[in-house]
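Just below sit the structures, each encoded as structure tokens.
Two complexes are shown next, each including subunit A; its partner changes from subunit B in the first to subunit C in the second.
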Partner chain A sequence: MPTTQENWNPGKAENRHPEVTYEEKERLFLEVKNDLRYEEFLYGCYECGICVSACPSARFYDFSPRVIAQAMAREDVERVYDILTEDIWNCAQCFSCVRCPRQNNPGGLVTILREVSIKNGLQESKDALQGYSRVIYKVMLKGNQVSPDMLQPDFFPDWGPWVQNFSQNMHVWRKAIPMDSIRGLTDVAWRTDRKTLLELYTIWFESGNMEIIKELDESLYDLLTEVMQEELEEG
Partner chain B sequence: MSSNKILVIGGGPAGLEAARSAAELGGEVILLEKRERLGGTPDRENYAKLTHHWRDASEAMAELASAVTSHPRVQVKYQAEVKGMSGSAGNFKVEIEAGGVAESLDVGAVIVATGFQHFDPGRATQYYNYYSFPDVITLTDLEKMLKEHNVVRPSNGQAPKKIAFIQCVGSRDRQIGNEYCSKVCCGIASKQAIELREQLPDSKVMIFYIDMRMYGYWENEIYWKAQEQHKVNYVKGVISEVLKKGDQLLIRGEDTTMSRPMEVTMDMVVLSVGMEPSAGTRAIAQLLGVKQNKYGFIEAGGEGGLDTVATSVPGIFVAGAAAGPADLNDSISSAGLAAARAMSLVRA
Partner chain C sequence: MTELTTVEQILERKSHPVTRDASAAPTHDMHETLLELEAKGEIILQKVPEPYIEFTTKYGRMKKIPIEHTWHHKSCGHCGHIPGYASSILWLHRQFNLDYHDPTDQTSCTGWNYYASAASNAVGQAAVMSRNFAAAYETGYFPMIHCGTSFGHYKEIREQLVHHKELRDDVRRILDKMGKPLVIPEEIVHYSEWVYAMREKFKERQLVDMSPITATVHPACHYYKIVAEDAIYDPEIYGGQRTAVVTALLEKLGINVADYSTWFDCCGFGFRHVLVQRDFTRSFAVLRKIETMKNEVNPDLTVTHDTGCVTTLDKSQFAAKAHDRKVGIPVLSDAQVAALAMGAHPFRVVQFHWHSTDWRPFLDKLGINWQKYWDEFQNDLELIRAGQKSGITWEDADKPVVY
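Entry: the complex of A and B
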């Protein structure tokens, strides 16, 4: 039995996605709301704005953790759908917002929303993550962090002014502090120990992460599983 | 043997009013005060003007105190502390020490009026830097400056031109554990904003709030007055950080009605610190064995919730902010009721 009411919310968002039925939007909303974590991620909001104030993304994008919390609390199904298809990909998942005096966790709400978006194969999540397939491939296969030279600094203003410098002079930084690095795609990212790598592969599979990748990008999934399974069999 | 004397613990507004009321009803009262002078927190923390009738706080406290000291049926003991208690309603034996001399008192009823203390902003979960930046002060710090007519930036001794108040510091916060509203800070900040504009007519004053809780007549007597006559600006959105920018303070928050993050520079930032039980309230609750609520205030209300001055121990009553955040009027009202309840017990 749906718990939402269509007409009570005075600030209710307009229907910006008429191609999707209200029932479908409501189903996705309820999937978020019924997540086990939801209750302790959103107690209630008195709109103090501390989450927005602490949020790095809010400073650079049209993104507001407060609006996300409010939209969820007001059960504004239309707006939550907008958030589900747009806003959530502007969150850096840094969780600065957890300093909320009500102990809400807007970043955690975004985590749930992202999972729901991907699990349901929303095209917007595929589009949003498309630019990351190389990064995902690298991170998941090599087990290493992203090195700044892999990014286009202009797209990451929230990383701060230093990212440009790091990005362009990564080789100099690595010469200054030598470390075991990966040859090939990039020779400046850290090399991950083989045992750790195999453990990570196991985790990706066991935790359902590979299923999420499959939903997102089938060819990326094929590429990853082929290498990972081979390595795991080798042990 | 039962006693008809009433012991009042604490010589602040609530204790003074409880002592005066009980004495006027014909009771014999012993009033214990920890310090060498009466007047409680308004006196000790140099309160300037009171929100009610804009009265001078020292004058108002002196008036309350003299009604007690001049009353033949009230005996005031200074530098006094309770050391132990036994017995029950109508027949308590209280061990005290006053001025270094131990004494044993037989009393029929006890009124606890040990009050509150201001929240220590060092415990705030937001980054306000009270102990790092001299120009970040509290309501109490500003109250003293206003009283002395000397509002200056502690960092350079000059008059501030832009002043921000941050509301709910230490109140309404699950992270800190103080989920309650401290009731008075909205009114006090607005009152101080008016005083600031009176003393420094060139200054700009902003109040950053979650909800303005100007209950009753504070609405038109203080809130509207601050906005309409004194052009104090109210912004819905609480500050999360106070940073340094040159010789100014940079405050960071969200202007929630405009729905955008904001950064503004200020000369001085005033933290509207809330109320917590005083050390004396915590100690006396333990000593007398009266139940405290989860915040450490003395639990009042009795079984039905409406016996507002009853504690968990029959014969022990509570008045004022020892039972939870209260303004001066509320404290004095509850003190009168505590006196009446204590008197009816010792006369029975």
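Entry: the complex of A and C
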């Protein structure tokens, strides 16, 4: 809803999501606030807008790191819920906003907000991450991502004929790299030892990461769990 | 005397070298706390190996940059999509017979996943970093981080580990399961800081005259915006107002570094955006960076020092041609420029063929007969295709060939 003279509310936000109870919104807000990183990411807000002037997303979207810092500092539960459901996926995570004179880190607040949104299975986050499962699968299972075989012409048509040329020559180009750790590999960025991968799987299970994946994408969770558990059992 | 306008006053003030005072820094330096944690036996503090050189960081703290005995923490994006970036870093080490280790017990920092999807948490991210640092410590080599995001991310995690005992306890519990100690390096070092430290040595071995080239610099956000106090600054470079890495190297090699108004802007990578919302990435990279450079200084090249920046600035230019935007600036990393200046093979080492914006005019301007080296490389590929050669090795690539 665009802001007008009639609906402008200089105080706390109106309730734009009546389908969700205030108590539930407050619970989500407190989950953000109680994160151990929160106190190092927010010290208050001068409302100077320096963060907005540096923010790439503010140039292209209806997005403001200042509003995020303000809403969190004012404990505006309704506004924070709006941000959770409408804004957080527009952030480019460049951290240009940390030039803040109060040493705030709005980009860091966004990462906490995103984590809380995913952990609580908010549909808006599932929608924003549609098409992203492949990347999560790759990094959690293979130990690195950005593999050469991701560069398919169908997926990167806007990168021009270079992608087609690469795709046709990928196997031989990969062999023509002098580094032992990457030469010849097309499905991963570099060679990772099996023992190292098992250690990585241990981290995912022990840190609570798998519960996050379960909320985000249950079929991805099933697939990852099955493969990783089998590998860990083999040892 | 004519009164200066506000803009002139700002420019005049910024043209002066800035005196840094570490004691007056607005941020807290956690190195003393690291020593305290080491004394309590909570962590192993891995010391920077000799030889190292110290440089000034943003607020005056001296940062030690190791010259060799380094464990190369590779970047997903370098190794997967810009392999000439990673091979140039190692090629430069090899030219000086510097001791380094290219490990296979390293994982990604998983920071791309974290910044793009947040499908992780503070404990998971800290455990991934600590496992990598423990792996480096076990080899006796000191971590050198290739990726700007890993570098920034690890510095942020180090702050979190230092300030939160519960996080250290969680990470230690996980590391115990793999028999690894909690190790924090004395410095978290980005490879571009090593390039900066080595620039005089590179100059001594320079074979290609770079003076015909005008270049712009894109400082990588995650190098100097995350935990900003830890990036290297030099009064001789923009009066100490911008990070010195990259720019100092180019100037040392004789390249004309041209300034442009949107130097502080990010490249538009956006993590999630570059994969699933690329209209934002393309628009930002072209409209705020490439076209601005083109309009203001029309450079032959733009140079940066992080993975996503090279990819975004390079690959975003093709589609913009359909909209008649002013594009056509090749993009390289500082390491690739240094290697090329020292005579590295443009395809066996620098791997120009992985870059999509036309780089031929840049090599033409340097007087490099790229066709000759391309033909040599095509011959390599034919031998590989025919099964007569398994691949290119350092033996094929070590010798400087361009001069």
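Odds and ends about this structure:
Here, the second predicted complex is superposed on the first by the 172 of 235 C-alpha atoms of A that agree within 3 Å, B and C clash if a C-alpha of one lies under 4 Å from a C-alpha of the other, contacts with A are read in each partner's own complex, and residues count from 1 in each chain.
Here is the rule we use: a contact is a pair of C-beta atoms (placed from the backbone, for glycine too) under 8 Å apart; a residue touches a chain by one contact, two chains touch by 3 or more.
In this text the structure is predicted, and so the values were computed from the model without any measurement.
When the two structures are aligned on the shared chain, A:48 is found in touch with subunit B, with no touch to subunit C. Contacts of A:20 after superposition on the shared chain: neither subunit B nor subunit C is touched.
By the touch criterion stated above, A:103 is placed in contact with subunit B and with subunit C alike.
Taking subunit A as the reference chain, the count of touched residues is higher for C when subunit B and subunit C are set side by side. When both complexes are overlaid on chain A, the residue A:136 reaches subunit C alone and has no touch with subunit B. With both structures placed on the common chain, the touch criterion links A:111 to subunit C but leaves subunit B unconnected. Of the two partner chains placed by the overlay, neither subunit B nor subunit C lies in contact with A:223. In the superposition on chain A, contact of A:67 is made with subunit B only, not with subunit C.
In the superposition on chain A, contact is made by A:58 with subunit B only, not with subunit C. Taken together, the two structures place residues 54, 59, 99, 103 of subunit A in contact with subunit B in one case and with subunit C in the other.
Interface of subunit C with subunit A (complex): residues 26-27, 74-81, 83, 86-87, 90-91, 102-108, 110, 112-124, 127-128, 131, 135, 152, 156, 159-160, 163-164, 166-167, 170, 173-174, 177-178, 180, 221-222, 225-226, 228, 264-266, 268-273, 275-276, 278, 280, 282-284, 288, 307, 315, 318-319, 347-349, 351, 353-354, 356, 377, 380-381, 384-385, 390-394, 396-397. Residue ranges on subunit A touching subunit C, taken from their complex, read 35-37, 40, 54, 56-57, 59-61, 89, 92-96, 98-99, 103, 108, 111, 114-115, 117-118, 128-132, 135-136, 139-140, 143-148, 150-151, 156, 158-160, 162-163, 166, 169, 172-184, 188-193, 195-197, 199-200, 202-204, 206-209, 212-213, 216. By the touch criterion given at the top, residues 125-126, 168, 172-176, 210-211, 236-241, 252-256, 259, 261 of subunit B touch subunit A in their complex. Within the complex, the subunit A residues that touch subunit B are 43, 46-50, 52-55, 58-59, 64, 66-67, 99-103.
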